[in-house]
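Below is one structure, written out as structure tokens; the observations come after it.
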Amino acid sequence: MQRYLLGRLISLALSLLVASLVIFAVIEVVPGDAASYMLGLNASEETVAALRDRLGLNEPPPLRYLHWVAGMLRGDFGQSYTYRVPVAELVGQRLAVSLPLALYALLLAVAIAFPAGLLAAARRGRGLDAAVMGATQVGIALPNFWFAMLLVLAFALHWRIFPAGGFPGWGEPLAGLRALTLPAVALALPQAAILARVLRSALIETVGQDYIRTARAKGLTAGQAILHHALRNAMVPVLTIMGMQFSFLLAGAIIIENVFYLPGLGRLIFQAITQRDLIVVESVVMILVFAVIVVTFLVDLAYAAIDPRLRKRA
Amino acid sequence: MSLLSVRDLAVTIGAAPILSGVSLDIDAGEVFGLVGESGSGKSMTALSLMGLLPEGARASGRVEYLGQNLLTLSERALTGLRGREIGMIFQEPMTALNPMKTIGDQVAETLVIHRAAGGAQARAVARERLARVGLPEDRFPLSLYPHELSGGQRQRVAIAMAIALRPRLLVADEPTTALDVTTQAQILDLLKGLAHDEGMALMLITHDLAVVAQMADRVAVMQAGRIVEAGATGDVFRRRSHPYTRSLLAAAGHRPARRRQALRDMLLSVEGAVREYMLPRPSAFAAHPRLRAVDGVSLTIRRGESLGLVGESGCGKSTLSRAILGLDPLQGGAIRLDGQAVTAGHRMPRALRAKMQVVFQDPYGSFDPRHRVERLVAEPFHLTGRPGDVRARVAAALEEVGLSAADMGKYIHEFSGGQRQRIAIARALIIRPDLIVLDEAVSALDLRVRAQVLDLLAGLQESHGLAYLFISHDLSVVRNITDRVLVMRRGRIVEEGGTEEVFAAPQDDYTRRLIAATPVIPAHLKEPDDAEPR
Amino acid sequence: MRPSFMLGLILSLLALAAALVSLVWTPHDVAALSIAEKLKPPSPMHWLGTDHFGRDIASMLMAGARTSIAVALVAVGIGMGAGVPLGLLAAARTGTLTDEVVMRGNDLIFAFPSLVIAILITAVFGPSAVNAIIAIGIFNIPVFARVARGGALGLWTLDFIRAAEVAGKGRTRISAEHILPNILNLLIVQGTIQFSLGVLAEAGLSYVGLGAQPPTPSWGRMLAEAQTMVTLAPHVAIFPGLAIVLTVLGLNLLGDGLRDRLDPRLGRGP
């Protein structure tokens, strides 16, 4: 167990290191240099020089990289050029929208996918299975932003149950939740379709294993065999997908936030791109990648929790 | 009244008949053997008794357990019987247990599911049953997971699960086929002891006539979904009233006609071969521990000689064969073929590689399914350069192994297992090597096909002056086809000598155990009873 | 042939046909603006109506199919071209540093969702269809590398590979001669799946302005432009969305059907 954990931790640290190098290098190849890029064509020599100085562009790149990483380790992500506030503060505000949204969507996806996947697997080859699988095919094909537009059309503009966009803040938690409902549904449905399919095929595969036959020979009914023996084994591929989905939901919310005018990370990053605020772009991308890598690590831990073969040396 | 009475059982899947007219009786407390080659319907018969036929299979006839017809019983009633009245164990112990649950939970589950006992009491019974099957508490706590056990130990757990509620009938479907001979002997002993002590009937399904001869009170012989002969074991073995039984028994005792070759000069010599693997580090900063799979092995093969290498799984025989074939490097010692050093990888000259070829065990995985037989058989020409008359040579090689030249246009899936092994032999022969490594080459074949392939190998050895390195876990096969034999255990050669001498008077303790554990048909059942007219 | 496979085939071919025909003919000129005709509902003149500039939506959808298919196709090409050799290499050298480096590199790319890659590229080079292709293509590399490695690893344990080694063939040659043909089925199936994901991703990137730029027609951008008019003229938003759904659905059904037909298990001849 310790060995497994340590291995995963080392891999986590290495991934973060390499990811930070990649992001730094990409920003580094900006045509011209970051300062003139950020200020645009009309900037005067002096302002560019001043910004260059402020950004520390006169230092050699390796030193700048070290400063950047050291800053992030202290929680200092630099100062946004356009907003003139610390990036950490900005990101903190925006995460208060993006993170709940991603979790909300994941929760919805699981709530829809598990019953659907279980039911389809249990009724394999029958009408209900075909209906669920047909629905998931359509779900997977739905672009979430288009689905979001249809939701707005129906539930916000026609029936006026949910707001069409904007976010009132968490001062009133229920209002906040209400504002996030349509975005979460738009994000969740295509993911639920994927998850249901993975769960179904994982279950069907597991049910074909020898130990399920052994369980049946002991006197378990088909249902008991699924519940007591297949489900836990089938969770391994399902967890993998869920981990990838959380990452996707966090990053994928970028588009949905645009549809609903939600002040999340996604909006922040788009504004930063249009305003050429490279400091914000760099840091937010790093944070998104950090989130993905940490989720992958958590999924690895979850594997160890369900699979005794991975905690051999406990 | 018999415990189980099967009458005119027929099973079809779609339009295909799987079983037809199967009738048999099993009495309380007896060991009933069901024997036949692969695909004869043995397992399907067992699954019909359990009501666990695969989806789409339809059964008709009667399967009466104490007068109740199981085929018409509701699923609910069947689940009440399974595990309580009729237990079952399967062939593959490595996959038969749930990897995510402890062995204690899995054994206790049988009790819990039938509401025979709850929590602590179920665990106590599980503890006692595991001890009964040879897994005592001090070394095998209930909290172990299947992956922490060997194949034989897992099969013991499976048996403990099946007998937890002391069923009246235990169905064992090839319970020892996946196990080593010494483990097989222990498991068979255990099953026989359990049947005796608990008064439990045992339905033993196997392809191995020797196992049946040793274990069963009564036996039924199956062929193509039918029972062709049944009766008391002694009667069936001696009388052999059905031609199929006769051919099976003949194949079991078959010895290919071999003339001992005049031993010529040295072909292969292995001196002090060492092959090590790195194991994962026990902790992050420790050095990799090494596993010596082959530990100072020396052997020689002369031209025209047939050398047997026997040992149980994991003894290092396959690792050794990979080194001999120049696929893996040695960490110590040397291998010389025809005087030249065998090295792994590119450094080994093609001309040297061309002096040896190989035939593997698995007739299904041995060929690229996307190539035609012509290309498959011609593959070794990569070593010698393609001659102008490839087609003619492939045709000749196919004819030599008893196939026809027309077969070269076909794909491998069009052939049976035995035919595939013939094609593998043709592939090995085509560049006229001096040495052929036969790595469990007949182990996957049914008895009668095996006898034919062994005859073919014996004939080819004579006509081509081939040397064989015959690697097998099956002592009886090695005994019939080799001049000399090596016994390997834990990476070392523990005994070496002329095959007949070693089998007649084994010197090493392990060899003795190995030979004792190998099931044989008792002498008095070996020869047909001529006094009895058929 | 299963009906779902037929449906998939028909939908996919339809999208392809629309894209190809648009090269030589569309019902109306895609670039022709006609403010007088703006936001007209479907009619015999304009089958699927017009947008806020009076452009013919049916014609734009046909031209948009071109962009979608081209972007997704090239991205799949990038993914296969780089991913498959990497996967084969990793499988042939399993347990070595090469394998480790390839697989860790894969994990690293997986840590950058394609949208994040697109954002990075756009931040530096500005938005364009080419950048969208690169972003989606990079994301496809580890997908194909994994599929190729997984399939190849299973094959490397089989005895016919051993036989090829005994016949003196090197790992590269074996990978090309024996492994690749036997994982082709897997790759084709994964290819259709990545193709459909590519169509979705292109639409998403164009929708937020990171993909194809005007005047290149694109389904995603049509939806972005339609968003503000969705109450006035729902058809402006509905038809491009339907085009995406039907194309992606078609490709997925096609992939599923191919998976069933080209069962990659060994022992079933070609």
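Think of it as A, B and C in the order they're written, each chain with its own count starting at 1.
Note that contacts are C-beta pairs under 8 Å (C-beta built on N, C-alpha and C of every residue); 3 or more make two chains touch, one makes a residue touch a chain.
In this text, all values refer to a predicted model and were calculated from it rather than measured experimentally.
Novice: Between B-C and A-C, flag the pair that has more C-beta pairs in contact.
Specialist: If we tally the C-beta pairs in contact for B-C and A-C, the bigger total goes to A-C.
Novice: Farthest from subunit A by Cα centre, which chain is it? Let me know.
Specialist: B
Novice: Can you compute the centre-to-centre distance for subunit B and subunit C, using the mean CA position of each chain? Integer Å is fine.
Specialist: 47
Novice: Counting only Cα atoms for the centres, state how far subunit A is from subunit C in Å.
Specialist: A distance of 21 Å separates the two centres.
Novice: Name the residues of subunit B that each touch 2 or more other chains.
Specialist: Nothing qualifies.
Novice: For subunit C, what residues touch not just one other chain but two or more?
Specialist: Where subunit C is concerned, no single residue meets two or more other chains.
Novice: Taking the complex as given, what residues does subunit A use to touch subunit C?
Specialist: 11, 14-15, 18-19, 22-23, 26-27, 29-31, 137-138, 140-147, 149-150, 152-153, 157, 244, 247-248, 251-252, 254-255, 258-259, 269-270, 272-273, 278, 281, 285, 288-289, 292-293, 296
Novice: For the complex, give me every residue of subunit C touching subunit B.
Specialist: Against subunit B, subunit C makes touches at 158-160, 162-170, 178, 181-182, 266-270.
Novice: Where on subunit B is subunit C touching in the complex?
Specialist: Touch list, subunit B to subunit C: 325, 327, 346, 350, 353-354, 356-358, 360-362, 364-370, 379-380, 382-383, 411-414, 424, 427.
Novice: If we count contacts the way the header does, which residues on subunit A are in touch with subunit B in the complex?
Specialist: For subunit A paired with subunit B, touching residues are 2-3, 6-7, 209-211, 213-221, 224, 228-229, 232-233, 306-309, 312-313.
Novice: Within their complex, state which residues of subunit B touch subunit A.
Specialist: The contact residues of subunit B facing subunit A are 50, 52, 75-76, 79-84, 87-90, 92, 95-102, 109-110, 113-114, 145, 147-148, 158, 161-162, 280-284.
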